[in-house]
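Letters are used for the chains, namely A, B, C and D, taken in the order the chains are written, and counting of residues starts over at 1 for each.
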Amino acid sequence: MRAEKDVTLLEAVRAALFDAMEDNDRVVLLGQDVGRLGGVFRATEGLHAQFPGRVFDTPLAEGAIVGSSIGLAIGGLVPVAEIQFLGFLHQAFHQVTQQLARYRFRTRGRFHLPVTIRAPYGGGLRMPEFHPDSLESQLANVPGLKVVTPAFAEDAYSLLRAAIRDPDPVLFLEPQRLYRSVRGRVPHDGAADGDFGARMRRDGDDLLLVSWGPSVHACLAAADELEERHAVRSAVLDLRWLSPLDHARLHQEAAVRRRVVVVHEGVRTAGLGAEVVASLQESLCDTISLPILRVTAPDTPYPPGRLEDAFLPSQDKIVEAALKVMDRP
Amino acid sequence: MRAEKDVTLLEAVRAALFDAMEDNDRVVLLGQDVGRLGGVFRATEGLHAQFPGRVFDTPLAEGAIVGSSIGLAIGGLVPVAEIQFLGFLHQAFHQVTQQLARYRFRTRGRFHLPVTIRAPYGGGLRMPEFHPDSLESQLANVPGLKVVTPAFAEDAYSLLRAAIRDPDPVLFLEPQRLYRSVRGRVPHDGAADGDFGARMRRDGDDLLLVSWGPSVHACLAAADELEERHAVRSAVLDLRWLSPLDHARLHQEAAVRRRVVVVHEGVRTAGLGAEVVASLQESLCDTISLPILRVTAPDTPYPPGRLEDAFLPSQDKIVEAALKVMDRP
Amino acid sequence: MTHVKHVTRDWAAEWATGGGEPLRFLGPDGGLVQPDLPRPPDDLVREALRLMLLSRALDEKCTNLHRQGRLGLYAPVQGQEAAVVGSHLAIDPAVDWLVPASREQPAMLRHGWALDRMLASFLGRIDAARIPDHVRMLPRQQSIAAQLPHAVGIAWATSIRGLDGVTLAYCGDGATSEGDFHEACNLAGVMGVPLVLVVINNQYAISTPVSRQTRATRLADRARGYGFPGVAVDGDDLFAMYEVTRQAVERARAGQGPTMIEAVTYRMSFHNTSDNPSLYRDPSEVATAGQNDPVARLVAYATGAGVMRPDAIEAVEAEVRAEVEAALDRALSHPAPGPEEIFRHVFAD
Amino acid sequence: MTHVKHVTRDWAAEWATGGGEPLRFLGPDGGLVQPDLPRPPDDLVREALRLMLLSRALDEKCTNLHRQGRLGLYAPVQGQEAAVVGSHLAIDPAVDWLVPASREQPAMLRHGWALDRMLASFLGRIDAARIPDHVRMLPRQQSIAAQLPHAVGIAWATSIRGLDGVTLAYCGDGATSEGDFHEACNLAGVMGVPLVLVVINNQYAISTPVSRQTRATRLADRARGYGFPGVAVDGDDLFAMYEVTRQAVERARAGQGPTMIEAVTYRMSFHNTSDNPSLYRDPSEVATAGQNDPVARLVAYATGAGVMRPDAIEAVEAEVRAEVEAALDRALSHPAPGPEEIFRHVFAD
């Protein structure tokens, strides 16, 4: 897999897992149906046969998946666990917040947990309840966890490699809608540099769209429309690491463009967009144009698939918000 | 208990439970050690004997406490469940977020859940890990839940009565540090009006301190210091209902004073303070003075008791932030 | 409600002292294998067979609709009809509660959810799909095992309020690994609630065989650890499922607490319409399991015992197909929800 | 590491076929009640008694320090010393892992956590309390049952890596109701990991008696539902605890998977220093249980069987008291953490 290759985001995830397992024989995979089936999305396809004794189908118990990953790490392994859908991480939330996030702190560094938890999330596939939920804000509210989400195949590879190499627990959130719809080139070398921090995805002087995961693509589409139809040139910043946040880059890019819209699929209230706003106004209130607007899901439960288009932050809603902030001084 | 009485916040909780049970024989209590012991803080003391067959000690299983409360409500009762400490709500988080919050939506109103979950929370008592955790931001990120927290004995009574009467699920967060340290008069009539929305706790023209739960008292102390030592007159707004937020009142009070500081015990990143900031700058950026500052716990796990003073938002830190915003135009 | 005391053998107790083999009354060839049992009522056979055939017709229709892109994910009942129908026939929808997992369509229909409403739910017509107020049934649950503490709560409420109903809850073999399963069972035992829990052990949780789900020999053995009876039953045997559930319901009604019934059966089809079981199971295994087809077994009994002639059965098959078509028409005539629906029913108005 | 095969009776198997009474070797009066057993090694008795007396001295000291406002909440071991010490003596701290709950002080001490470090932890000297790198032990767990999946993971890692260690984990009777308990046990069974789980059934979870915690007759019955052996033992009987654990450890080392041991004992004191048990339990119950005091029982054996004379035991008591005092001095000399500590060890630097 080391040759540079044109792959889907899903294949990039698989390549990262393969390379990580090849590089470090302490890396093991576990989760529901990750073995013979290769996962419900086939993210782990083939790995069970390629790495005998290192890929484990677990019972249907998220708490045990996260909890035993903690033990596996303490026992000297580097577990990469899959939660079949991020919504079901709540079944294991006590293990995540009370245990995974706190072992280093609690033991003053005696135990640290190089655990990666992978989970598909996000809407657009007409999935039943829970399957499309975006929980990143709740996770970012938990000190001791890192949270990262790729929007491109390249990042799926390099960020997952970085997550697995990280000595601390990382939640790796995979936008399921992008699994097969975005393609990219997997970097030649797994140890790609620059795996941390936010990334600019599109340049533009008038306005900064801040987003992550699946909504980055809605922002890119909105930016095109804004340029073509409204002559507004928007930059798109992909935060990637949601915790810890790359405040420095965020502030830097926002200061240059002055106008900011934040976009995310999670619900509005206490969503991570609020943190982005709070951070920006705190450091840059004399520089940037306010208000910063948020385009988010409304404060309702994720609706049945048929209605999700009304729920998700669409290109239209982003354009509307962008035009509103463009009207400001 | 109907006579107006001078009571502690803890006694006000107990009085509300007593009166609710007396008024409605569908109200039942359940939780760990709530029966014969009367709860680890004695909030339910006596109720087991006063209401035979309506107060239940459960096994040590938070998921089952929340999950069976859902069933009890569907079966026609009005359950008031205690989670021994809010931190342990994460053991039941899947039942809270996926189930309790969504039954009405999922069933298009066929089932609604008049469930109240009470839980002590907050620091200051030198408690072990988990016991003092503030999770309100995560709960406010869950559509379909209401979240409320009293800072005064009067509110403990009237808000708990309102929570139990509410046809939808309410998380009732009890600041444990205030259980025995604040006193007030329980209103004569349980059906006290005005149980919703935020409340002003102190008036002042220069500055608005926004807070809830235990930190309201830190704000009040800071406001006194600000007035006496710095001639800064601060108002203190106690949000009380954290979800849905009383945006109207918040905006109204902020607009008048222009300068705002938000204070909470939860950690900073993705804390509910960020939502307060985001909401205010969105509606009032031309009216109020920015930045709005946040005084919160830092992004670290709750430390051992000996160190909690360094972790909590103290009077000093609030005064410091207030003076900073007073320097702004 | 009648409290007829059926004097008969205590099957749960017999099973507990046996060798762990699931109880069986009706053999794969359609013959009764417990000779001292009274002949099952012919009406029961006819009602059961009709529901089982209806369930098959529904599976077929919904799978086709999914293939045509007209319906989302569908999880078929195929292979589990006797387990679901046999157990549900033992309760009374007028007083008892049904708490399904997500693959108990015939039970939900018999409980009072009209077929067009069920189809409306599969088609995303959420308001048309609303469970009517008088139907004592929870909706299907997408979160594995999460319905079980709800079931315990309902049963507990019944007993606190001194009402009559029994709660019949279902879950899968995979669900038994979740913390919710455990916490619910243990609470049910402590409170002695009128609950009958049917574990549909169809051998798989998606791709995970029950041998990797647990090292327990029989899931029914779990019940002992909660202090109530557990019994394993041949889930492809309508009569055993019915009779064992009936006894459990009787115990629950009499205030004797919960029972766990493990229905040992087989998921004959895919997990759901997005699944490809050939990736993880042998054709030979599927073929062997096919010989236990519960519908074929009951047909063999019905024809062999002279309850129904083959042409009568064919007539029922045609009837249920037509019923599904008619219900589908009605379901499609319900209005599709508009975007404003996402803001309704979050809280009371 | 030695793999001595002790040829002896299989106690777990014998218990499983018995009447459910906990296994007992040593009676309350200090006499052996299983006459065909070999005499327990005198060294074992001496080591155990010393640890048990040390644990008592520590309980006493910490309770006093709490009363004086010098130490936070303390949860005493009193009454459970034989269960904890007997089981822990069966593992080898050099290769085996210890996963405590929150009331296993003597096990943590024997495992290699120095007494002054433990006291430092009670006193909030968090850096001094750090578990040394070579000590294979988790810290105490404040979240009930949450340590159990960690224990399973550690044991599982040992077997994946082909290492030798066995993991000895503890939890309380209350902990057995949590989802974590269930999920951990089931996973341990499926993966066949080298785990010995000792459930310290001290009859209470704070105020909740085990009869309201579960309707199961014996918690050890749960193991069958996970496919591995379970056995109930008189937890006040050092010899039975030691021997049954030793066998379980041997099975685990031989790759034969987990064992669950229920130690039936009694929490003689309060839940912790903020608890008032007189609100929820009868003095008569406590008095009866006091007759089972495991320390008194072992003292009776030791003096009766001529292992130690009463004055030798008194000397040990004086010794352990002095040891606690000395350790306390050292603990207090460790620096108290400064406020900057709250920012350290959140992530790797």
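Here is the rule we use: a contact is a pair of C-beta atoms (placed from the backbone, for glycine too) under 8 Å apart; a residue touches a chain by one contact, two chains touch by 3 or more.
This structure is a prediction, so every number in the text was calculated from the model and none was measured.
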item	value
Longest centre-to-centre distance from chain A, chain (CA-based)	D
Which of A-C and B-C has more C-beta contact pairs	B-C
Rounded Å distance between chain C and chain D, as computed from the means of their C-alpha atoms	44
Between chain A and chain B, centroid-to-centroid distance (C-alpha), Å	31
Mean-CA-position distance for chain C and chain A (Å)	38
Residues of chain C engaged with two or more neighbouring chains	126, 143, 177-180, 182-183, 186, 190, 212-214, 346
For chain A, residues contacting two or more additional chains	59, 61, 63-64, 87-88, 91, 94, 98, 105-106, 129-130, 143-144, 298-301
Chain D partner contacts - residues on chain B that touch it in the complex	32-33, 35-38, 40, 57, 59-61, 63-64, 87-88, 91, 126, 128-131, 298-301, 303-307, 309-311
Chain B to chain C touching residues, read off their complex	28, 53-54, 56, 58-59, 61, 63-64, 66-77, 79, 94-95, 98-99, 104-112, 143-144, 146, 167-168
Residues of chain C touching chain D in the complex	177-183, 186, 189-190, 192, 212-217, 219, 221-222, 224-228, 257
Complex interface listing, chain B residues touching chain A	87-88, 90-91, 93-94, 96-98, 101-102, 105-106, 129-130, 137-138, 140-141, 143-144, 243-245, 266-267, 269-275, 277-279, 281-283, 285, 290-294, 298-301
Touch list for chain D against partner chain A, complex	97, 126-127, 129-133, 138-139, 143, 146, 148-158, 160-161, 179-180, 182-184, 186-187, 190-191, 344-348
